[in-house]
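You will see chain A twice below: alongside chain B first, and alongside chain C after that.
Our next item is the complex of A and B:
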């Protein structure tokens, strides 16, 4: 017998709805309203409605398009590399036993380091004059003059991505390690009996079991990278030029350097819509996984 | 009779949809109400003067500043504040340390949210950006004529009213390391006077002193960097914008960008570093020329503990080398003190900032001792005169300060610095042609001024 429902219980969620409306709903609605206004704080003038002209300006703004490209490169580039390294490490350490199993703990430590510490750590390591990376490469004879890791338009993005990958790898390593334990032993045994080789075992037996968790982990990390501000700002402040300016950095510059709130909000709305696409995929995957 | 619950159970999908719509509607209405209540207008100002502070009616002043956020100046400002409190028993000062880079936008946000400090230390464009929000109290009624240098006062004037009291003068000049010049075979008493001579000297330093950075110049993307780089642009005749007109796509600007590109390509400068990056290098004799403010002396001596005599033997300072435009210039990025309209005790605020900027013990004990910078007094006392009678401060007073120009500070400067400095960074970190970079700066400025 199904329990009787009382409509009164539905109203119990009202406090939560009110809090969510203020904490999440208000900023979203306010951002959208601001995106249709010309509101420059430093002008001293009140906001005036301009319809969709901020969006038209955005369409013709080369910095917006460059920051969108940078966001895509940073987000997906970091995830792809981190997934591959995380998977490789999970497979390599899968059967480690005895004292060797502590290697797994060591591999997880980058995840425990605060993001801002990671940013400064990599900034000092990759400093062109006093960084350990250039010193090491010079000692090994691989370079003859210092590489401008963070101050060259070519190298700044890969260097920032490297810092991001370093922090993301343990997350994927953890997800894959946990997922590997869920691969049924009898399936693995059966494959062994059928004389499946290492690559066949990984490709045909283990990877299919890892696919579901991997998709969810990838989406979490994509959303995480899409919003990443601290690492980029602390390492390069979006420079040199606009070479590491992502959408979130560009919004920050417009909102808190130029105080052009209307235009910054228009970019914020686009950013929100893109994030929502990922969020919808994420929720769908979670729903599918829970069935 | 059907119970609503059983109706839901019989039509689960419709019921769920209806509930979802109700919930979303409630949330949406609440969010819209909240958004409608959100105000974008500045908070009303409080023009009250406040009661006269006394031991019976003590007041507390909140003082936002970066002096207390920097290692080199923290002991000095803390001692100075303590000294003020000791001599003014009715006033207590609560220091709020905020980094130099963050103080401008932090105070604008605090003003917008109705939580500004009473008094703050500002500089350069930050003063005018905060003033543009209507946050700063005019100081004209408090000022007595003849106390402060008229030129320094004019640099704190916004829309005809003095809104910022000049605390010190801090123009950048071209510092040259005499020891390194001598080691490289250059005459330490003949610093470069023209851009051509500068390039020759940089080439010599680069060739003879491989571990030394030839020139330190700020190329970060921030308003301070545009301000201190502006004289370099001007030496090539470039003015990237005027009013709300973008004027960056000119042969003069291309010449400046080409010059910066050459400096970087030849390894004479490093890109994307703040002015403060070069100060520890200067303390280690690792940089030959630096475009920096008088405060360099204080930072160097607090780092390497050189005596004044050793420092003066090692370093000299001169005006910016002249280029095609023919005239040297600089900007006074002096520190200023402001009072917020919001403050309820402006008399006490004024007493504090006026004391900081003019009292001989504060000027000698902090401005000169810790900031190594010049006071802004019209007639400094003999005690102050004797302290600024050093080769460095005399060079700043007699040679560099007369070349100070005023920059177009204000909201447009706040919008302009990102596209301009991004262009400068592009020049020093890529091989993109100066013509193309100038065109990009131009379109970036046009976009920013819309």
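Our next item is the complex of A and C:
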């Protein structure tokens, strides 16, 4: 029996579309318009069209290029490390049963810590004077003078990335742990009968099952890192000397510290174009996954 | 995988034995696993331990050159000061709780409707609309928040709960709609058919049959929205000017800069209190998390 046509519930998606159009759709259009204007919010002057001069300025702006580089380092660097740690922990805790299974729950806890708290925690632990990390390294004799973790342009980026990795590991751990349960028992059993060693068991039997979920998880995390604002802003505000200024931080500073909306929008447009490339992959992968 | 391994001739033998007893355990392997897993536990818990213990130390102990491993003199002083005169901590907390909870409830309701429509609807552009909705989730908030600020300025939504809730809701909707679609997809259509035969109308089917069956889905979606809102720094930082109206993330950030930059004890006490609601939400839905993630396939970071 074919279901009766009752089209009214087709329209139940409408509130979502209306809200997204107002809060996301319109701002996108406005961003494109603003990017061709000179608009300084606090000046009290109306926006004036300036053609593509914002884009020319952007091309010659060393901070823009540096923030692009920083974004790439921050995004991909943290993902690579977090995937490795998450995968290792998932494989090692795979067979833990009974009371040992709570280890898996404990390994997830960093995910439940608010981002602002993560930033505060790492600011405190890596403080140059009263931080516990410097104290530990001093006691172990590894350093003789305190390292300026968050106040030197060498160490600020690695420290911020470490905080980010700390929050990202549980996500990958969970994805890998869940995917490991989908490896068929008889395949593992057959490999064991064939006397497969630990490494070939992992590399040739299990990893193929993890590849699909891993790709989706990496893509999600890349996008999250790309858009990450809270951790970096609360830890370094992009400093020192722009060493942790990612695109997000730079756009925020331009729009809300210098109130230079026009130029900030131009960077936003370039960014949107970069993201479109990601978006195509993203939607395709997610659709395959939810099938 | 090219070939699926042939089944063993005695199908009941290996499957029923617990996996752990079948492992050929070599002592050095067990030791390596133990060391790495212990390191993993230390890595996950040490920062949290440090936060909790520091919040219970008195100022003298916190600022000692060689930090103490545990509080030698327990004190609730840091917590008391949060609710004193200097910091509007209780209004930050209230603002965070109200806006995050309301946003979660509204977003779940709207997402459930959208999810039902995307799952069961028969309209032509359904697949395409779903893709567009999903794609908005990857847009950088920071690019959109500039124009959003200008709209809110004109519509007098700056500095209001309404503006914040609208912002949080819109941020959560793409994810929520897909998550709910995933949960509703899992409800068998036969159940709806049976309910129709029993004389339920469309609304009755949705509210009395489908939604009760997706209750874990509703809770999971709600918890994700709540966590997103609780974590959001950018929206309140830009869309709220007055300190009294701030939520926890920007409020604490403003409080612990300048003069109070190194009030580590107070900072960690505030951090602990900010963490508790999120932990509660997280562990409440932890069981459904994997399903939620694969259904909506998106992390609530």
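Assume the second predicted complex is superposed on the first by the 271 of 291 C-alpha atoms of A that agree within 3 Å, B and C clash if a C-alpha of one lies under 4 Å from a C-alpha of the other, contacts with A are read in each partner's own complex, and residues count from 1 in each chain.
Quick note on the criterion: a contact is a pair of C-beta atoms (placed from the backbone, for glycine too) under 8 Å apart; a residue touches a chain by one contact, two chains touch by 3 or more.
This one's a predicted model, so the numbers in the text were calculated from it and none came from an experiment.
Of the two partner chains placed around the shared chain by superposition, chain B and chain C are both touched by A:20. When the shared chain is aligned, chain B and chain C each come close enough to touch A:10. Using the contact criterion defined above for the overlaid structures, shared-chain residue A:28 touches chain B and also reaches chain C.
With both complexes placed on chain A, chain A has more residues touched by C than by the other of chain B and chain C. When both complexes are overlaid on chain A, the residue A:190 reaches chain C alone and has no touch with chain B.
Of the two partner chains placed around the shared chain by superposition, chain B and chain C are both touched by A:256. In the superposition on chain A, A:63 makes contact with chain B only, while chain C stays out of contact range.
Once the two complexes are laid over each other on the shared chain, residue contacts for A:236 go to chain B alone; chain C is not touched. When both complexes are overlaid on chain A, the residue A:244 reaches neither chain B nor chain C. In the superposed model, A:159 lies in contact with neither chain B nor chain C.
Residues 5-7, 10, 13, 17, 20, 22, 26, 28, 30, 34, 41, 256, 261 of chain A lie at the contact with chain B in one complex and at the contact with chain C in the other.
Residues 1, 3, 5-13, 15-17, 19-20, 22-24, 26-28, 30-31, 34, 41, 85, 88-89, 92-93, 95, 97, 103, 105-117, 120-122, 124-125, 127, 130, 132, 135, 139, 166-171, 174-175, 178, 184-187, 189-193, 198, 208, 216, 220-221, 223-224, 226-227, 229-230, 233-234, 247-248, 251-252, 255-256, 261, 264-265, 268, 271-272, 275, 278-279, 282-283, 286-287, 289-290 of chain A touch chain C in their complex.
Within the complex formed with chain B, the chain A residues making contact are 2, 4-7, 10, 13-14, 17-18, 20-22, 25-26, 28-30, 33-34, 39-44, 46-47, 57, 60-63, 128-129, 148, 150-154, 236-243, 253, 256-261. On the chain C side of its complex with chain A, the touching residues are 1, 4-8, 14-15, 18-20, 22-23, 29, 33, 36-37, 40-41, 43-45, 47-48, 50-51, 54, 62-63, 65-67, 110-111, 113-114, 116-118, 120-123, 129, 131, 133-136, 138-151, 166-167, 169-170, 173-174, 177-178, 181-182, 189, 193, 202, 206, 230-234, 238, 248-249, 252-253, 256, 262, 264, 267-268, 270-271, 274-275, 278-279, 281-283, 286, 289-290, 293-295, 297-299, 301.
Looking at the complex, you find that chain B touches chain A at residues 3-6, 8-9, 19, 23, 26-28, 30-32, 34-35, 38, 40-42, 105, 108-109, 112, 129, 132-134, 213, 220-223, 270-273, 410-411, 414-415, 417-419, 422-423, 425-426, 428-430, 440, 443-444, 447-448, 450.
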